[in-house]
Every structure is written in C-alpha cells, then in structure tokens.
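The following pair of complexes shares a single chain, chain A, combined with chain B in the former and chain C in the latter.
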Partner chain A sequence: MMKNSIFNISPDRSKYPEKDAEGNLMVDLDSQKYVKLWQGPQHPGVTGNMSLELTISGDEIIQAKTHVGYLHRGFEKLMERRKYIQCFPTCIRMCVAEPDYNEYNLAAGIEELSGIEVPEMAQWLRTLVLEMARLQSLLRVVPGQGGTFALGLGVQWGVYLRDLILDLFEELTGGRVYHMYILPGGVRGLLPDGFKKRMEETLKKIDEFVVNIDNLMFSNAVFKQRAKDVGIIQPEWIDQFGIVGPNARSAGFMRDVRKDYPYLVYDQLDFEPMTMNYSDIYNRARLRWHDLIMTVDLIRQIMAKIPETGDIKAPTPNVLHWKIPRNETYIRSESSRGEYGFYMVSDGTDKPRRINLRGPSYVHAISLLEHMLINANIADTAAIMVSLQTCPPEIER
Partner chain B sequence: MEQLINKLQKSFKLSDVKHQRENLTFVTVKKDSALDLVTHCRDYEGFSHFVLLSCVDWIEDGKFQLTYLLNNPSGKFDLGIRTFISRDNASMTSAHLLWRQIATYQRELKEMYGIDFPGSPRVDESFILEGWDEIPPMRREFDTKKYSEDTYFPREGRGSNDPATYMKSKLYPDDEK
Partner chain C sequence: MTSLKDILSPFTAWKNVILEPVTIKDPINDRPGAARYRGFHKNDITKCIGCGTCEDICENEAIDMVPVEGIETKDGDSGLRPKIDYGRCCWCALCVDVCTTNSLSMSNEYKWIDTDPDNFRFIPGVDKKSWDDNEAGWKKPEPNYEFYGLKRAEMGELHPEERDHSFIEFIKGYSKQQAQEEADRCVECGICTATCPAHMGIPDYIRAIRNDDIEEGLRVLYETNPLPEICGRICTHKCESVCSIGHKGEPLSIRWLKRYIADQVESEHYKKILETENLVKNGKKVAIIGAGPSGLSAAYYLSLLGYECTIFEKLPEAGGMMRYGIPEYRLPYDQIDKDINYILSLGVEIRYNVNIGSDITLDQLHLDYDAVFAGTGLHLGRSTRIDGSDHENVYQSIELLRKITLGEEIHVAEKIVVIGGGNVAMDITRSLARLQKIKYGKVQTLATSLETEDKMPADREEVVEAREEGAIIDPGWAPQSIEIVDGKVKGLHVTQCLSLFDATGAFNPQCNLDNKKFFEADMVVESIGQGMDLGYISENIKDNLTMGPRGRIQVDKYFQTSLPWLFLGGDIIQGPDVIHGIANGHQAARGIDNYLNAKG
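== the complex of A and B ==
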C-alpha cells in the first residue's frame, strides 16, 4: 500500500504480525514489539475531533482504530422531538465545515414529502449558496493538505480568503458560519445591492491564490516527495467501502451528484468534474485544487445567469402546524467531500419520525481510513487523514 | 425501474412497492429474504454502491424498520429495501461480508437501537457512547429531556424567562412597584 513513502525504508511487512484463524492480528503488547499510540482527538490537520488508536511496530502502523464521539450531541434524536422547522438550527450543526448542505437536504426532503415546487429564483440562490459553501471549505482543505507537512503558509492565505467568503455569507444571510438561509419552499432573501461586484472582487483574489498555491504546494519538491505514492486508494475499494466524491474521482470513478443526479440548476451550468486514474495524496490534493478552480468558475456562471428578481419562496403551510403524511425519501447533494444524503421518514405528525444523515466521512474516516493506515508510517498519518477530507461531526451526529 | 421491480417480484415476495421518484423506489421484504434480495441486487442487478443502512423505530407496532439503501451507479437509480424486525430481542443477520462499510452501520445500530448483528466485526465495541448503561438512546422510549434533567445539574444563568414579563420588568421597573 505504501509504495514509496520516504519513511518506508523497511521491506514489505504486510504479514507482520501474524493473524489468528479468525483473521485478527495477534498483537501481544507485553512482548515489547508493539506500542499503542493515540493520535488525537486534537490533530495537526483540519479534521475536527476524532482520535486514532494506532498499534505501531517501530514507526510502522500495524493496526488502526478510529474513535469518534467527542462531538456527539444526538442531533438525529433531537430532531425526532422537534417540528420540521425547528430541525433547521439543529441539522446545520451536523457538519460545521459545510452546514448549507444540511439545510438544503432537509428543505428538499420536506418539499418532496409535501409536494412543494421551489421557484426558479430560489433555486439559483440555493445553488449559489451551496457553491459558496464548497468554496469556503476548499479554501481550508486545499492548503490544509500542505499544513499536514508543516507547510503552513498556504493555510494562512486560505483562512484569509475564506473569511472574505464568510463576509459575503454574512451580507447575504446574516450569519458567517451557520446561515439558515434555505428554508422549506425557498430561501430567505434576494442578493443585496452590489453583491455581484463584491463577489467578483473576492473571486479575483482567489484567482491569485490558485496560482500561488500551485507554486507553493504542487511545485514544491518536499510536498511532492511526501505526498506522491502515499495513501493510495485502489480502484476496487470504491464500491467495497462506498467511497464517494473527490476520493472516488481521483481513482477514476466519476461520482458527482451534480452530474449523476442533477438538482437545483446544475443542469444549466457548464462544468465537468475532474477524474484521475491514480489516487494518492498528491493527486487527491491536486484534484481538490481543480475543484476549487471549477467552483470559482461555477460561481461566476451563476452570477452571470441568475435572474435579477423573482419569487424566492413558494407558499407553504403554517410551519408550526405542518404535518407531513407517512412517507420516506432519500435526498442527496454533492458537498466538497462527496455525496451528502438525508434519509427522511415522516409519520403523519408535525415531527419527523427519522432523519438519518449519510455523510462521506462515515466510510472515509472509519472503515477506509483504518484500512489505509495499515503499513503506513506514523509520520504520514495526519496527511492520509486530511487527504480523505474527514469531518467527524457528520459521523456521530 | 418498474421492469426491475417486476423481475424481482418473480423471485422475492415484495410488498409495499413505492416509486418515490423516477430514480428512487422502496420495497418491503420479509426478514428472512432481505439479505438474499440485497445480495441479488448487488451481484446481478448492478447495485454495486451501498448507500446506507438505517433504522426506524415504529414503537407503536413493536417493530424496527431496517432500510438497506442501494445505488446503481451506471443506471443512476436507488432501491430502498425495507424489512421489519421485532423490537424484542431485536436481531438481524449480519451483512458485513457484502460491503466492508456495513460493519460500521451495524455497530452503530447495536449501540443506538440495541439491534444485534451476530458475527459482525467489533459489533459489541462502543461506537460513540462510552460507558453507557441506559437503554439504547435512539429507541423512542428513551427520553432525552428526562435523562438530561436526571444526569446534569442546572447551571446558573441558563434559566429561561417569559420574554414579555422579563422585558417589561427591565424596561418599566417602576410599574412593578
């Protein structure tokens, strides 16, 4: 798995230690051959609170277990006791990095279960907000990969630019991180005066950032040597593990909800998500860098095509007495990490019977990461974890 | 999608077929044949991507609904396979050999709903909760508010007031005298 890590100077020890008849590793900690090492829940990367229980031999990982629960607040349970409209402030906290996909999925689920058509203007504004969410997330994640190799400068640039996007979010929605802009039936407001001009000014700064990050990271010999041929995702794992989004695209699988199951106004936009045929840390970072460029382009397209005015909300029942007949659905959207889905079940009352989030990290950070870390060097752990773009809150909900 | 459902009807006793959308259909099948259907869909019908395994607690019926949501990436449609199991001594055959990620879902369902999946890897290890000795918290009868009131002490400054009365006392303190 680790073909050419600069730290991997030992021969292949994939059969070390031995396994018992049931396939469990026979690790005897008292033998002094192995050491337990906990990495996290505070990490050098931008991955949130998640800890890895590593069993190491020398500096090679022979077993990894992901531990989550440090952010568990029982959101899915809480939503079962709340009216649909009260679920919005709760659901957005299920992923801090990109809360808007939660808003959209919940609103789209309620609309589908209630048979509500969203006006076109609101669909454009929703698309804009979702792409802005992707942009601010990628501004953290793309340079964040360099951060795992102590290349902190790009992270500083990214944080600054992300704040400019948050300024625009604040202007449009009133909130910086959590927006609650998307509601059942539509959105809360139109674009403020001069918003397009200020957006373009920010996008121009991001254009410069894209060039600078290319020079800083992808032309950097140290970054290349640390990131190439490390943390490889094999193509046959895509379906075995349920890998989605950029992690799947880098391995040659076109998995993008915006293309596969077009929603909102994505079918009116011109874009082609990138795929690669070799998924190591370097290529995944490179693919996200391309996604960043594509997102900037998509926002420019939206700004050019969005109608000047129009209805932003369809009529809905009184949200305090809104009962939805017994039914169920699955709503998906494409977050910067991949398919982000809500399985929703209504039971005829004014509260959901069940809302179950399926976030990409649920498989990327547990079954996949535990598998990928075997035989990796402990110095590559943070880089591999960040290259999967994990978000623990969406695992523990 | 209807063609597929008609085809599956011949081999499996499907009920409650619901075409929710053009590309999303839900079917119900008995517990004994649920995993046979899941396996058949994976091996012969192109549903290579497993989306999620979820549980819905129908406490009034004394049943848990397990939903296996499968996706066909080339056909671009989803199939939700529902099956119902008893809430008492809830148990279901493990599907971890079909897709490697399923073990995680089953481990979570064991912890949150108390549904056992014998043979599933690490199914008895705690997933999110540590040292939990109450009933599984996602069961409908688990009362989060009561648990919170019994377990945690109230912190000062966290009390709530009736907004109208509170603002009146702040803005017009003389009226109260």
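== the complex of A and C ==
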C-alpha cells in the first residue's frame, strides 16, 4: 500500500492474516503475531470522543473497529419532546464545530413544512453566517492536518484566526461557539455598525495565513513525505460508501449542495468548488486549503452584495404553540465536511415527530475509516482520521 | 521529488519571531463582551409582570417562577419573578425574546466566580448583581421581530353610516380563521384568569379555539360563566386590560373569542355538550329575586347542584340591566334569550311582573323557600341636582334606556346634551343619536363629563364609536345649571373641571370658574350613576342585617348576609358590572349549597 520511502521500511504484509473459507480474518491473539490496541477515546490523535479498536501486526493495522458511545446525548430524541422553537437551542449541539448548519437545517425545515417565506435580508445574513462557520472550521482543520504530523505551528496560527472569526460571531450573534442566530422565520439581528470593516481586517489576516500555511505545510518536504499517497480514497468508493463533500471532490466527484441544490442566495454568488483526481491526505488537505480561499472570497462577495437593511424575520405563528401540519421533508446544506441533512417529520402537533440527522461523519468516520485503516501504518491513523474531517458529536448526536 | 524549495520554505515561519504576540496577557480584565453578547440575565423588576412566558419557552427548564417579597403589587402582575438556574441555562436568550414586557434582558458580563454553587440560582433584578446596570448585552431585536402576533385579528363591523340609524348589532363576530388567528396570539400566562372576577379559564377556552374544539370551549365557558353570549359581547373585559400581550401590542380580544365559541353552538346542543340532560333534583328550593346576571348565574349553578330555583322578576322579561340598560346594537335580545333559555331549560322558573314587597313579601319567600338570593341591581337614576334638573325635559339615562327596550315612545329632541362619561352615558348617547338620525336625519347629541378624555370611565372603543356615529364627546366640564327660558330647556352651562378628588381621595370636583361653556340643547339626559332600590326588604328584616360602608348591606365571601337564609349579590354589592354579578351569583350558589347542606 505504501510507496517506497524512508518511512516505509517494512515489506507489504497485507497478506496477513489469513482468511477462512468465508473471508473472515483469522486473528489468533495467542499466536503472538497480533496486538489489540485502543486509540481513544482520549487521545490527541482522535477528533472528539471516539475510539478505534485496532488489531495490529507490527506497526501495520490489519483490522479497525470504530467505537462510539462516549458522547451520545440523545438530541434527536430530546427534540421529539420539545416544542419546535425549543429544538433551536437543542439541535445546534449535534455538531459542536459547526453548529450553524444545524440551526439552518432546522429553521429551513420548519419554514418549508409551515410554508413560511424568509425575508431576503435574512437569507443573506444566513448565508454569511454559514460561510463564517465554514471559515472558522477550515481554519482549524487545514493546519490541523499538519498537527497530526506534529507540525503544531500552523495550528496555533489557525486557532488565533479562528478566534478573530469568533469575535465577529460574537458581535453579530451574541455568542462565540453556539451562535443561536438562525431561528425559524429568519435571523436574530442585522449587521452591527462597522462589521464589514472589521470583517475585512480579519479576512486580510487570513489572506496572509493562506500564504504562510502554504509555505509551512504544503511546501514542506516532511509533510509531503507523510501525507502523499497515504489514506487514499478510491473513486469507486464514493457512491459505495456515500462519501460527500471535500472527501468526494478530492476523488474527482463534484459533490457540493451549494451548487447541486442551491439554497439561500448561493445562486447569486460566483464560486466554483474545486475537484481533484487523486484523493490522498495531501490532496484532501490541499483541497480544503482551496476551500478556505474560496470561502474568504465568498464572504467578500456577500459583504459587497448584502442589502444595507431589511426585515430579519418573517411573521410566524406564536412560537409557544406552533403546530406544523403532518408532513415530512429532507433539508440539506453544505457544511465544511459535506452534505449535512435533516430528515424531518411533523405530525400536526407542536413537537416534531422525528428529526434525523444525516451527517457526513457517520459515513466518513465509521464505515469509510474502518475500511481505510486496514494495512495502514499505526503512525498514520490520526492523519487519516483528520483528513476525513470527522466529527464524533455529529455521529452520536 | 523533494525539491529544495520544500526544504527551505517551512523556515519562512521564523519571521514570526519578530512579530508581536497576539495573545492578551490579562484577558480577565481587558475584554468586555460584545454589545449583543448573551451574558448574565437582568430583569427590570418593575416592568416584569411575572407572566411566565420565559419559563414556558426555556428548553432546559432553567427558569422557575417564584414569589418575591417586597415588590409593589399592581393589577395584572402575578407577583412571581423568574429565578434562573445557571446549572441549566444555555444562554440562548429565547426567554429575552419572548418576554411580553421586554423587562428581561442580558448583560454582556460573562464572569461570575463563587464558592457556593447555590448562588448560581438567582432572581435577576431582585438578587442584586454587579451587571444590573450594565447597558450592553442581548436585548430583543427590533423591529419586526416578534414571537407572537401583536396586532388583533381584524373584527368586521358595520360602517358608521350603516349603523347610525339602526339598532342592528354592529360587531359582526369572528370567522373561524379570524378567531384562530387571534387565539394564536395567546401566551397562556393566565393573568387574565386571575383578574377576571369570575376567574374564567380564558387560556383554556382560547386553546380550545386553536384546537378547533368548540365543544370543549363551551364546557370551559360554562364552568364559570352561564351567560357567554352576553359576556362575549358586553363584558367590561378586565382580562383584556391586563393581557400580557397588551404591554407590547394590542391585548387579545378575549371577549370576542368568548362570543365566537358561544356563537358556534346551536342552543339545542347545549345540554348534550354540557352534560346537563339528566340533572337530579335534591328537593330543596331557592328563591331568587331579579333575573339579572347575578340571579341567573346563581340559578344556573344551583340547578346543576339539584336545587329547584324560582326567579322573581319585576319587569316583563329576564335579563335585568343586560336587557333594559344595554342597547340592542351592542347586545341583541335574541342573544340574551339564547343564554337565558338554556338556563330555563334546566328547570329554572321565572315569574315575571312580580314585585317583591307588594306582590309577595320577602318574609313570605323566607317561609316558602329554603334560601333566598337577591340580585336586584341598580335601577334608580341619579340626578346632578343642579338648577333646572327638575325640568320635565331633563331625563335619567337609565329610565330612557329601559323605555327603549320596552318599546315605549320616548321624547327625542333635536339637540340633546348627555351628562356623564361612563359606559351607560355612551349607551344613551349612541341610542339617542340613532333615534335622532331616524327622526331628523341628523345627529346633534353631545356628551360631556367631569373627567377629561384620558380619565373617562367609559371603554375607549365606546367613545370612538360614538364619535364615528356623529355624536360629539366633549369631556372635562362640570355642569353648573340648566338654562330654562319660558319653561323650555335651552341648554347646559358648564365650567372647566380641574380635578375630581381632593387630597383625601374624596369626591370633590374643583372647577375653573373663569373657563365657561354653554351647550345648547332642548333636552338634557343625566347619566352620572345609578342607585339601588332596597324597598323590598322590610324593616323587620333590615333591622337584623348588618350594614357595611356606604350604606351597603354587609355580606361575607359567599354573599351571605347576617341573616343566614338571605344572600345578596350583583350590582347592589359590587357596583355596576355584569361579570362581577355572574361571579357573585356563582359564589352565592356555593354559599347557599354550603348553608343548606350544613342545615341538613
């Protein structure tokens, strides 16, 4: 699997272990050939609270099993016991890193099911917040890929810039991490005075970061050695596993909800998500780096085009007893990790019958990761996991 | 594969050693939250009415409404205040956005260090905090950002030109869509229920409208009010004046919603819906004097308990002041009949044209019945007793209104002045304006009152509608004398009224005698309040009754007098008001039941 390099001193041992007649691996731990190793649930190389049960032979992984259950809070079930408006502060916690897509999906779902038209100003503000969410997420994950190979400097830069975005979030929404801004019917505030100026100042710093991280990480012999040709996603897996977002685009498949099923005001913005033809760790990180540049550009476009003022919220039924007619819908938006969808069922009462999250991490971190780790080197486990940009809170919700 | 650039390029990061550090050395002191930051809660305790919508919307159940000592009591205030548990709060600020009075807000403060975990449960505004005066922080976004409708569903009305010459009911009533739209605005705080004299289950019947369950709505209405058609039209709606939505927008049209429910159900279905088809009699008899709201209410609830009730009514039809005081354009007679006929269908008997005292004495009723309830109302007019008020063309509003109902011809002059600023004054003004329009083709009725416009006791809509119908309302004048020339009324002399009450709170109008006015008129109507006629209570009974303040007979909370068999209620105890009368009748029914059960 691995190419011939200074890090690969072992011969290919992928023929181990042998398989029985039904194709199952015959792992005999008493044979002294194999070791069970747990990576996580508390491990710097694991994103969030998740653990990987690895069976290794030497330093090669021959079997991987994802274990979740450390973070299950039952939000989907909790929402079935809450009024629609009360789902709004609940749903955001399903993905801590990018809570805004939860807010948007819930709001858009409720609006679709109740036939509410959102004012244009609110649509622009929603688009802005979703792009800001993508930006702050990418500011962690792009240098974070370097972090998995002990290149911590870029991570520090990214965390600083992410905090500047959180400052802007705080100004606009009143919260730094859980913004609780996109609520059913609209949003909760116009741009504060001077917001565009401060946004541009921050974007300029991010422009510099884009160049610096290119020099530090992408033009870095060590990073290239570690990241190239490792953790490859084969194009035929895309539909087989249901891979979405940057992970699919890096393998040559154009998958972007913003383009495929335009929502909000994305059809008024000029952008072209990048695709690549070879999906290894390096290219996936590089593609996210391009996404970061595109997101900065999108925010600049939004800042230029956003109306000065307007209604931020459509009139809605009384939120304390807002009943939604019996119906169902699937609402999707493009998070930084790919298609993020809510399947919502209403039964005519004031509480949702079912809200089911279809998040990208469920596929990427469970079925795909287990598959990709086989025959990988244990030293690359964290890098592969981060390169898929998995988010355990979203898996377990 | 590995280029020289890839070896050297990462070293460009060394340029950072000459840059200023970006971290703040002392973030605790140096960084206030943003202007919109959702920090710790503040509550303007004087604005808060304890409606509890914050408690309702909180998804974490972090808010409890708790009684608070030492806050000033005011109408429409539950006396409760939100207590917030910061072990549960997620700072979503929905409580702020839903607040009906905008009293709840957040500061931009986010640091709170304490050794006692219990301190993190606190009552904002009551438990003083350093951030109470902090202006920054989350407030409900403005404008056009509401969690419930602030505007009333529009009510269809006859145009003033259609209604000013007829006594047809001019409020059309809500359609289903309008009623549901209006019912949707309710936040179910229940402050209306606490304020309503009858403590009607207002949020419950409004919910029934939302759920389109009219039968349930009717059942809720009849739990506390057996005259919903009537109250749905002419109740003084104290509930609406305290409605929590009224602090930011227009209060709910609670009265019209009540009418909507009653209007939807045909009389013949009442018994089935209200499960009164098979009432069991208990063999006891109660006499009720007066078929007004309190008497009818007492009769209804006593009938449900199995008592045999007989109402003695002086006038030819039942309803009391509701029929003989309130004009037909506000309360059509067929709607009065609908409510009363249902009560009669439960076995209540009314004997019309019976004068207690002359036709049958109270002592006789005492002998014939187990208990007596009297709700005889305020049917005597009061005179201003100014010069000229004894002229034959000076009338009492209450007498004119009664005659209009009885269908008797009344004198309608070309120019009329009405003295009074209450609802009865507006009723007679608007009735006379209609009669003038019919008789002369134009309206020349003027109403004046001691109170200035903002202090007039009449409902605001009554004043507005009277003006729409062509009447002139000129408040703030004290009548001085009625000018009579050659035996004919010429008009009313008034002076500007400065104040009504003196420093002790006693009624003592002060006038500016330099500011005079003369209202031309050939007929004057006095409408300055009504008095009671207790002539039917014989002296020997009266001697045994304990009297209370202002010449009223003292009753206990069950409206029982010092003679245990005699209960009094309605206007003669509580002052003029239908819903009070209904509440009194209901409570008296409980009292009579308690009394007769104890008696065995």
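Heads up, the rule we're going with is that the second predicted complex is superposed on the first by the 385 of 397 C-alpha atoms of A that agree within 3 Å, B and C clash if a C-alpha of one lies under 4 Å from a C-alpha of the other, contacts with A are read in each partner's own complex, and residues count from 1 in each chain.
By definition in this document, a residue touches a chain if its C-beta (ideal position, glycine included) is under 8 Å from a C-beta of that chain, and two chains touch if they have at least 3 such contacts.
None of the values given here were measured: they were computed from a predicted structure.
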Chain A as common anchor, with chain B and chain C clashing or fitting: clash
Partner chain in contact with A:L216 - chain B first, chain C second, else both or neither: second
Contacts of A:W38 with chain B and chain C, given as first, second, both or neither: neither
Which of chain B and chain C A:G189 touches, first, second, both or neither: second
Chain B versus chain C as contact partner of A:F271, first or second or both or neither: neither
First (chain B), second (chain C), both or neither touched by A:L320: second
Location of chain B clashes with chain C - one stretch out of 21-29, 75-83 or 165-173: 165-173
Contacts on chain A seen with chain B and repeated with chain C across the two complexes: none
Footprint of chain C on chain A - complex, ascending: 82-83, 85-90, 153, 160, 167, 170-175, 178, 180, 186, 188-190, 192, 212, 215-217, 219-222, 224-225, 311-313, 315-321
Interface residues, chain A side, partner chain B - complex: 68-69, 72, 74, 76-78, 80-81, 112, 239-242, 253, 255, 260-261, 327-330, 339, 341, 343, 345, 353-354, 356, 358, 362-363, 366-368, 371, 396
Touching residues on chain B, where the partner in the complex is chain A: 18, 20-21, 23-24, 26, 48-52, 54-57, 65, 67, 69, 73, 76, 78, 80, 99-101, 103-104, 126-130, 137-138, 140, 142, 144-145
Complex contacts: residues of chain C adjacent to chain A: 2-3, 5-7, 9-10, 12-13, 16, 22-23, 33-38, 53, 56-60, 90-94, 97-98, 106, 138, 141, 144-149, 184-188, 207, 210
